[in-house]
Amino acid sequence: MSYFAQALINGIALGGMYTILVLGFSIIWGVMGVINLAHGEFVMVGAYLAWMASDFWDVDPFVSAPAVFAVMLLFGYLVQRVLVNRIIDRPALVSLLVMFGISIILQSVMKVTFSADFRLANTDLDGAWRLTDRLTVPVTRFWVLVVAVGVTAGLNLFLGRSRLGKSIRAAAQNREAARIVGVDIRKVYAVTFALCIGLTGVAGALISPLLAVQPFQGPPLTLKAFAITAMAGLGSVRGALGGAMVLGLVEAMLALYVDRIGTNLAVVASFVLLVAALVLRPQGIFKGLRHVDATST
Amino acid sequence: MTALLEARGVVKRFGGLTAVDGVDISVGAGEMVGLIGPNGSGKTTLFDCLSRVLDIDGGLIEFDGTDIGRHRPHDVARLGMSRTFQLIRVYRDLSVAENMHLSIQWGSLGVPQLFARTDAAARRRADELLDFLLLGRLRHERAGNLSGGQRRLLEIGMSLMSEPRLVLLDEATSGVNPTLAADIADRLRAVNSERQVAFLLVEHNVQFVADLCERVVVLDQGAVLAEGTPGEVTQDPAVIEAYFGDPGDDTAGDDRVGNSPAGAGDGTAP
Amino acid sequence: MRRSVRAFVLLLLLVTATTACGEGSVEDAAPAAGEAAPVDLSAFDGTVRIGAALSETGKFAVEGRDSRQGYNTWVRWVNEEYGGIRIGEGRYGAEIVYYDDESDADTAANLIQRLIDEDRVDFLLGPYSSGLTTGTSAIAEANNVIMVEGNGTSDTMFERGFRNLFLVATVASDYTKSAVEALAARGVRTAVIAHEDTTFPTSVAEGARRHLEANGIEVLAIEKYPKDIQDVSAIMTKFRNLGPDVFLGGGHYNDAVLFVNAADELGFEPDAMLITVGPSNPRLVEQLDDDVEGVLGPTQWEATMAYEGDWFGSAADYAAYYRRLWGEPPVYQAASATASALALHLAIEAAGSTDTDAVRQALRALRADTFYGPIAFDERGVNTAKPMGTIQVQDGEILVVAPDAAAVAALVYPRG
Amino acid sequence: MSRAAPGAGAVARRWPAGRAVGVGALIVLVVLAVLPLLGGTSNATLLTLTLMLTSIGVAINWNLTGGFTGYVDFGHAVWFGIGAYATAILISLQSNGPQVGWPPVPAILVGALVAGFLAAIIGRATMRLKGPYFSIAMLGTFVALREIVRVWSPLTGGGVGLTLPPYLNRMLFYYVELALVAALVVGTWWLRRTRFGAALMAIREDEVGAETRGIDTTLLKTAVFSFAGLSTGLFGALWAYQNTFVDPDIAFVEVRTIDAVMGTMLGGLGTVAGPVLGAAALYWVRELLWTHLLDAHLLAQGVLLIVIVLFVPRGLVGLVDRRGTSLFELWGWKGWRLEGRRLHRGPAAGGEAEAAS
């Protein structure tokens, strides 16, 4: 019993990490129709910022996260103004390739600046709470989960209630109609992109004590974000949480209940699920911001 | 006379909206039938169902005795039913002749012919049809350079290349100047009498339909409102009500989003 | 007509590009910038040309740099201190031609072929990593050029029956041997293994299983996990339930972080933890501080080991010399690289020529004690004379605890 | 520029100055074929050229679906890996067990067939998807198949991989690949002039229209996708035999897809010469970057990629022939056109917007 309970805790903790990792990616895709292939690299930059704060000034990543958010917000805004603005509404291949270009530029810059050495940020919120001898809750991951759920709830409120949030939703559903009713699309896109990159930076900060920080850590994270978003529905905030939890639990259970190759299978599962979800139910499981009809021209 | 095309109780829903609601329609061999109705009445959606571009949610469609309810569009085309589109679909970067060569009877091609260049017979047929459709001297022109009306003619030509027995014509005169519209009507009549090709025409231009067809079906809100000769139908109070109750506003929720820019100018009222 | 002219010019450009690619770039490809000061080889009776493709860029950039410094240490020493390689009556200078293989298999293969054909090197030194060594050693074999290496240790490449591949380091399957023997002596009964599902960690894990069973220790479970893993909680939960005495794990640096953290978070506390890659790296110890206390790790070589030879002197002497040249202490990848070059050097002297067959025989017959430990190749070309060392993190310091001959501290068991 | 018979096929119009290009291509082919016979061409040069031919071949295959049909495949390298693995499994049977391993020629051919067969099955499912969804599904397929190969260790050797007996006749492989690439170029050139090629282009331009005009789009696009998979599988099989060693991480490399996409774009999407010119140029540029920039080569590549995509959308071929396919004519591009150097939104002058949605 405690075995299963532990698997549940592991899965939920992993789901929390995935949630915070996927939100920014999902919303950019859902609202702007841009597939951010550089997502993992923005996570990586956020993680480097948190590591620097931790290493140079001994600031805990959970404390520096708001600062990382602010810096990444600015960075995201700059990237949006200089590059992303030029690719919105262009064919998907263009935006994919430009974002891919950004991703290798970021990798290269970080490699030249920090070398390929592994780094790790330090947090005081580490260790475990022991519920019983066989049942523990990982502290860092628990707080990551708390932040993830908080951010999800906050985003839900923001998108649902605030004026700006409503504009973002309108822009996602029908850009032309939104323009007609007076939504400033450029501004909405700028805000959305900056906000999401800020969030993505926070994700990087939060995982900096969990995963070693290095210039080439991004691509697997981008793929994960892909898998979850495609399953969950584009730009769906609740879907991101749900999809991340489902994937976290599936991975935790597979890894725990299959001997020898369980962890390998968990990775296979997430990509088989991705392809299956796309082929069988392209619009995702949850209702997203953007209407998807992936099978018609 | 058994009908060439026989559709009964066709239903198509989009989410909560029922765009086509139990429509019965039939077209006999060599017959010309008009399909009219206000914007948003489901004409184009019905066409999409009949040509199998859209899956139907209910009903039965038979073509020449074959149930085509689960066929894919190319199978339907190969059975001898072709169509045109409200928003013209020609390959703009290709020449007029090349567009025609793309519309051959694909079903009859063997693999070796698939890997060969267009043969002399197909070229002859294309040239012949282009001459017939008054496009002969434009055959090497890039399709994108043609006028709207010429492109309509080209699309009609393309739909005739595969020697169909039934052509579904979607808005053959929209965006076409009156002179050319008369030419089109003339050519259609000739095709019909010389080659025994049946037509089902979706039209805004009721006069155009009245000139060509002996039978007209009126669609409103996805259902058949009236059916009969053009004279009977235009006198039908329900039809008049349907048209004038919903004045011909082109942008008001036609079932195809995105209107042809030239679409607003033509005669829509009965 | 103008269009056809332009098309023609474009094609001519292609021809130029193609031929430039095939021919020109051989000259263009400047050897990777090595830090070794240019040595005047004209004073010698001749030159021994040795080639090496190492990762300057890409995922092995760090280890590639260490390996290159290791090779260069030998070049500096043999030309400046030792006075050249003795061949018969003459003294020959040594020169290494380097290329950057970008950590990429295709590029490495291309460059090794280039070293053999264009640069006409007499011998090859190995690249970094098992993957790159496996591909390039086949080319060396097919062209009958000897390759001595110290940083590609997977067992599979020595099961192909190659005659020209020699490894001075301990083969992957023996990485855990000394640690397992030391633990068995302390009464360990049960163990679990987790390893990354790639060439090198799999070889290590399979060897570990053999050594454990040979020492009467029961292996309760073996778990594989893929590259780039982000979470090992499930594996550690499973292991916690089994309650083994020893945990063996590893693949890469990041895995060590994940294992140590997950063990901590899940309250998995085996009496010993042996992690393949990581503990011998001071950075890991610094970053994980308390959590990594008492963790064991295999090491090819440490400066504190009690080895000595006629060349370079003792392990500590070598470390001092290395530090003088490069301003940092040698990691074992660097020492392995130096030892590879040294083994080749000794074989050339013993053969009295640079003839491939003669040097191959000399390598097979080589028995030498060096700063790196004893060197003697078996019929596969693997140095079986040198045991693998084991270190343990004790009070934040990395100390050799096994084998006894090299140990500077006693094994702490159970860990804290 | 005079054209032969009217209606010579879609292609003739899209490909400039056929004769000059044909003669030029022949000269290149002869130079490449004779070069090794003149002597003084080392194995290293042959290997360099062979690797370049490999990337040209993969780019040509990618262009078949990505350029001609408009289905942008982001996982194309998976067929390279499958071809390599299937061959390695067949050949290495002899060193692993009592069974006798296959001789190289049938092993390489069957390896390619396995890739083609899998491509047919997977293509049938994923080609229902359009635009970026297809791309992502293929990216997912790439990773999923790589991980499946890793997990299926009894057959594939798992993460350890398989070693093949070394057989490194560089000259032989060079000529085989040169012949393959030449055949592919002639094949695509011919394909573009046939009804099949015209149908593929019709699919790219307007799939629904093509379907209603009687073209079995599912069959044709799946066929061309499978052929591309088979052909890339063949290059993978040859590569495995030359590399003498496969493991999941070196047989399935994202970079191969990226190179094919970048090379084709650099050369000109949907053209016959584009992938050849582009992949060769990319290989060469990359060599220059690596030798001269070392650490910054990734940076330079990223910048180069963005510049190409934003400012040279028609690629090298487009510099000569304005009618090559532009990126903007693919995917959701319907509203966009390239006129001269600038992008325009809305209908072409005097034209009508084509069907959207």
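Per-chain numbering from 1; labels A, B, C and D assigned in written order.
Rule of thumb we're sticking to: a residue touches a chain if its C-beta (ideal position, glycine included) is under 8 Å from a C-beta of that chain, and two chains touch if they have at least 3 such contacts.
As the structure is a prediction and not an experimental result, all values here were calculated from the model.
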| item | value |
| --- | --- |
| Contact-richer chain pair [B-D vs C-D] | C-D |
| Chain at maximum distance from chain A, centres defined as averaged CA atoms | B |
| Between chain B and chain D, centroid-to-centroid distance (C-alpha), Å | 39 |
| Between chain C and chain D, centroid-to-centroid distance (C-alpha), Å | 36 |
| Separation of chain A from chain D, taking each centre as the mean of its C-alpha atoms, in whole Å | 32 |
| Between chain C and chain B, distance of the C-alpha-averaged centres to the nearest whole Å | 73 |
| For chain D, residues contacting two or more additional chains | 147, 150, 206, 208, 295, 297-298, 357 |
| Residues of chain B touching at least two other chains | none |
| Set of chain C residues in contact with two or more other chains | 197, 224, 226 |
| Interchain contacts, given as pairs of chains that touch | A-C, A-D, B-D, C-D |
| Interface residues, chain D side, partner chain A - complex | 72, 74, 125-126, 128-133, 135-137, 139-141, 143-144, 147-148, 150-151, 153, 206-208, 254, 258, 261-262, 265, 295-299, 301-303, 305-306, 309-310, 313, 327-328, 330-333, 336, 343, 357 |
| Residues of chain A defined as touching chain C within the complex | 3, 6-7, 10, 13-14, 17, 111, 115-120, 122, 126-128, 130, 133-134, 136, 138-141, 210-212, 214, 216, 220-221, 224, 251-252, 254-256, 259-264, 266-267 |
| Residues on chain D engaged by chain C in the complex (per definition of touch) | 1, 16-17, 19-21, 23-25, 27-28, 31-32, 35, 41-45, 47-49, 51-52, 95, 147, 150, 158-161, 163, 165-168, 170, 242-245, 247, 249-250, 255, 276-277, 280-281, 283-284, 287-288, 290-292, 294-295, 297-298, 316-317, 319-321 |
| Chain D-facing residues of chain A, complex | 35, 83, 86-87, 89-94, 96-98, 100-105, 107-109, 111-112, 219, 223, 226-227, 230, 261, 264-265, 267-268, 271-272, 274-275, 278-279, 282, 292, 294-297 |
| Complex contact set, residues of chain C against chain D | 1, 3-8, 10-12, 14-15, 17-23, 25-26, 28-30, 32-33, 56-57, 100, 102, 104-106, 109-110, 113-114, 116-118, 131, 134-135, 138-139, 141-143, 154, 156-157, 159-160, 196-199, 201-203, 224, 226-227 |
